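Below, each structure is written out as structure tokens.
Paired with chain B in one complex and with chain C in the other, chain A is shared by the two complexes that follow.
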Partner chain A sequence: MSAGVFAIHAKPGRHTTLVLSWFLFVAGVSLYFYTSGARHRENPEDRVTPTVAQMAAGMRDAVLRPAEDDEPLAEGASLMETIRHSMLWKDTRATGLRFIYSMALLFPAVLVGLHMGLFPYVGAFLLRFVLFFDKIIALSLLPILFIAFGIDELSKVMLIVIGVTPTILLDTFNLTRGVPGEQVVKAFTLGASDFDVAYRVVLKQIWPRVLNSIRLNLKAIMLFLFAGEMIASTDGLAYRIALLRRHMGMDVIIPYVLWVALLLFLVDFSMRWINRKLHPWFHEA
Partner chain B sequence: MALIDIANIRVAYGDPPKPVLDGINLQFEEGEFICLLGQTGCGKSTLLRLLLGSEQPCGGRVLIDGREHHQPDRTRGYVPQKYSLFPDKTVLDNITFGAECSEFGLFQCFTPRYFRRRREFRAQAMDYLLRIGLRETDAAKYPDQLSGGMQQRVAIAQALLTRPRILLMDEAFSALDPGTRRGMQRLIRDLWQETGTTIVFVTHNTHEALFLGSRVIVLAKETPDSGSRVAIDLHLPDACDEDEIPSLVRRLERVSHNLPETEDAIHAVR
Partner chain C sequence: MLRILSILLAVASFLTAETPGAKPSFTVGWSVYAGWTPYHYLMQSGIMRKWADKYGITIKIQRFDYAPSLDAFVAKNIDACTMTNMEALDMPAASGVPTTAIIIGDYSNGNDALLVRNGLQMKDLPGKKLLLVQKTVSEYLLDRAMTINGMRDRIKQVRLINTSDSDIATAFLSDTSASATVTWKPLVSQIVKQKGITSLFNSSQIPGEILDLTVVRTEILNRPDGSGQRFAKALAGAWYEMMARMSASGPEADKVLTAVAGGSQDTLASYKEQLSTTKMFFTPQSAVEFGASANLKEKMALVRQFVFDHGLLGSNTKSVDEVAIAYPDGSVQGKADRVRFRFELSFMKMAAEGKL
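Let's turn to the complex of A and B:
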């Protein structure tokens, strides 16, 4: 008897898997265009569900027209120059820079987590505080951050750092504690010093898992970044979405949301690829 | 003076403290192959960890070359049963790890001298690799690409390359199949005879202890709630009389309550 849909041992074929995995995408897009068509038949001025043509026009403006705060481009400017002065490029660049700063600031968190897990005095000093800090809802600190750091870049980056750092720190701490004690003892018997053990043995072993942990927290990083940009910013993808919301600019908001999803997917994909290339042993384990 | 002097060692775990080792007194001489034998939970591995310095006793002291050691260091090599290799390093990098760490600190790994010496370490490690029965093509493999026996061979080479005076092995062959285990026993005995390193080998297998050791020490508890003591301390002659072996096995096993008596098996081992 062939296995049913809810059988644990069922083995769907290649084509079935392909169809099933794309079904919800197709259904979602179809449903959207059906609704959009119906609403536009009722009201040709509808702005809640823009048509493909409206979204394409909106995106063309975002990509090919200079940002509103920019000088008008000279006649005959090249396509690359046009894109570099466009709203989408400027917003992506602003958000991307904030994202890179935040990612860079996570590296010290990894090192602190490593030391907390390996050195008992550092662990005793920091663990309780980090556990407490982890329970604070980062968004609730937003007003305090704006008062303390102003509404410039620092407050937005700090929001991401405060929101994500404790998670990465505790993840690294747990990963460090998970390295078998035999390996640490073995390293000492081979002549390693305390810092050799930390950086040549433990950090190298946990690094691919730490990268995975950061990868899984990408969405949280973007969430805090978007919150900061939506509330206090003059550029950035989230700022633009918040701004266009006031004008019901769904023809740009929807492509912007898809653009952000695509960027996040590419970052995730790149991190997975780099992890696989840098640590072949990790994927073979 | 004995190389290792274990004086009136006491270890207890838990609350209220449950004794594990109770008044152990032993002296190990340089060049001995000591097998620590006993039932599971009798404190063999605890005694090994005390020798390593990764654990401290509640009472008594362990002197190595007349000094107390409170942390593992390169005077004592270590081969555990599991996790004996670093998974992120290739076989060759695993073997050279000790030599590199001993000679070059964390921030000295970018000097030209480091890269010169590294080539020498790798050549030396390659020699070891061939001596322990692995092939050149295995050098670039990661530990998870090797069988259990091959991993333990590499672990032994890794420990011996730094030339420790004492090699501590904690049930190092117990996860291997009988055929591989026999090969590993021969290898470690040959290496011991060749290098003269003092080896302390923890096992619960009487046959293995008798095959490997120049001295077999049995730890046993008098009652279930008491700590283990040295029940037998047996110095084995180089050429043991074949007729004595069955009674020897019976005696060791009776004391350690370890394995069923199988005289044929011990004859085969010897």
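Let's turn to the complex of A and C:
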């Protein structure tokens, strides 16, 4: 069989793989700088596509200058001190806290999904409603969310919870249903109780897949979080982006967006790592 | 086969070819606001087409949300746009897109307001939560209100919460922990209807500082073929024909106003209420008079200092003079070689003299 370039059996070498996998990055970055250069030649004050120098300057200010609403720092403060009073640090902290709260609130959803899948009464009670609720676009109900939860942290966290919980619930439900019935019967035969079956047989083996599903929903969580911060807030990464958009501060927005991408990548990576460490027996993408 | 191909080619070339006699085409962007909704009627009624034909050009009118309309103007996707004097300065002008105001449409004369709960007073505001869209005329109004009341140094103590304008009314009404809000009509009218909410300050106390303009990119006006000049003339002609219709009295004018209000899904009564707090320059004479007065420079000096202090001119702008403003009398605020924003009265003058 001839191993053509586009054949399934093709075996690209190490260097080819390296070049190919970075190609789109390089192309994207060059296209950006080409556009940016062209725009700056035409209009040296262009703000839509800032140059590297402008972005670096914008980012340096974000990291090293105290936030606008902050008290001025005492002379001779250490670098760590400076960073802790900076815009970027404060925004990341605020967004990070919201992110952690909402993740924490997502875990009970896993238990509810498990019970829905195993206990017929719980399933009968919840399934139809969750199926319906899953299709509600939480963002369009904002005024009601404001009335119910105020405009502080709670409403932003609830926006995420309402938006993402149904997905997690249904996913866990489906995974639970996917566990072969024979195993449940066998466990009962060996003298397990209802909760033994639920937590020690079923939950144990769906857990890596559940973690995976939460990981895949990271982007949805971030999307809701950003929407919430853009609507009403006093800090956070999306708050800053919304403010900067008002005067086209793309020199800070682009580094901010890359920073968020990096953080998300790290969370994603560490979740995969934890999953592998906790469940070495689990082999799936 | 060859015949089909040649026909296809002919059709394609017909569709794509820029015929030499093609009319220059321009696009105006507008967003919903009492002083700008007339653009909707200009398009619907055919007034704009009439004036465009007269000057041998094509004019398209497109509605946007406010922020995207500014983005489109800065990105040079549209040629003219409605915006306030403040945004003209901190968006296009500060982004190196020289901008010229050709129509001074109106100024906010109560459209923007600072509203409070439970009869709070100005002196109570520090430490309280206040909802507003930050870095816009709302923050400018707050800044001016505090300054006029001698509390300039306590502005930082007010806890500002950046709130999207599409949600600010419900957010303020439902969250009683927020004591105050700054926003604009028709949201203001909606909020003050609730019990216990009073207006503490509004834009009629700073007349002429929040201007609503129609601006054009300066490079368009300077086009060598003169089509940009014709575009500006057509806009001014159409605009003041429209103003004459709106300011007439009687059922005929009501019909026009109803149609204008329809441009923002509004009712006649509500639109009239908004107009009552908008100082429209219905005649070109009044607009020219305002544009030529020393008053304008004083007000713009306040606005440009505000945008600079809040970093809206960009972090690279080291001095307020970097984004200079040129006035009709030839004077310049800022560095003369860095004029980015100018007021141009000639088109309104031509309208006043009936020369369009």
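Operating definition for what follows: the second predicted complex is superposed on the first by the 277 of 285 C-alpha atoms of A that agree within 3 Å, B and C clash if a C-alpha of one lies under 4 Å from a C-alpha of the other, contacts with A are read in each partner's own complex, and residues count from 1 in each chain.
Operating definition for what follows: a contact is a pair of C-beta atoms (placed from the backbone, for glycine too) under 8 Å apart; a residue touches a chain by one contact, two chains touch by 3 or more.
Treat the numbers as computed from the prediction; the structure is a model and nothing was measured.
Per the definitions stated earlier, placing chain B and chain C onto a shared chain A by superposition produces no clash, and the two fit side by side. Measuring from the middle, so to speak, at the Cα centre of chain A, the directions to chain B and chain C differ by 150 degrees in steps of 10.
When the shared chain is aligned, chain C comes close enough to touch A:Asp61, but chain B does not.
Of the two partner chains, chain B is the only one that A:Glu182 touches; chain C does not reach it.
Of the two partners chain B and chain C, it is C that touches the larger number of chain A residues. Of the two partner chains placed around the shared chain by superposition, neither chain B nor chain C is touched by A:Thr172.
Of the two partner chains placed by superposition, A:Asn275 touches none, neither chain B nor chain C.
Applying the stated contact rule after C-alpha superposition, one finds that A:Arg246 touches chain C and leaves chain B untouched. By the touch criterion defined above, A:Thr95 reaches neither chain B nor chain C.
Superposed on chain A, the gap between chain B and chain C at their nearest CA atoms measures out to 43 angstrom in whole units. Chain A residues in contact with chain B (one complex) as well as with chain C (other complex) do not exist. Put simply, chain A touches chain B in their complex at residues 180-183, 185-193, 195-196, 199-201, 204-205, 279-282, 284-285.
Every residue of chain B that touches chain A in the complex is listed here, in rising order: 52, 54, 71-74, 76-78, 80, 82-84, 86-89, 97-99, 101-102, 105-106, 142-145, 158-159, 162, 164.
Listing the residues of chain A that touch chain C in their complex gives 43-48, 54, 57-58, 61, 68-69, 142-143, 146-147, 150-152, 230-234, 239, 242-243, 245-249, 251-252.
For chain C in complex with chain A, the touching residues are 67, 71, 74-75, 90-91, 94-97, 131, 134-136, 156, 159-164, 167, 170-171, 174-175, 177-178, 311-316.
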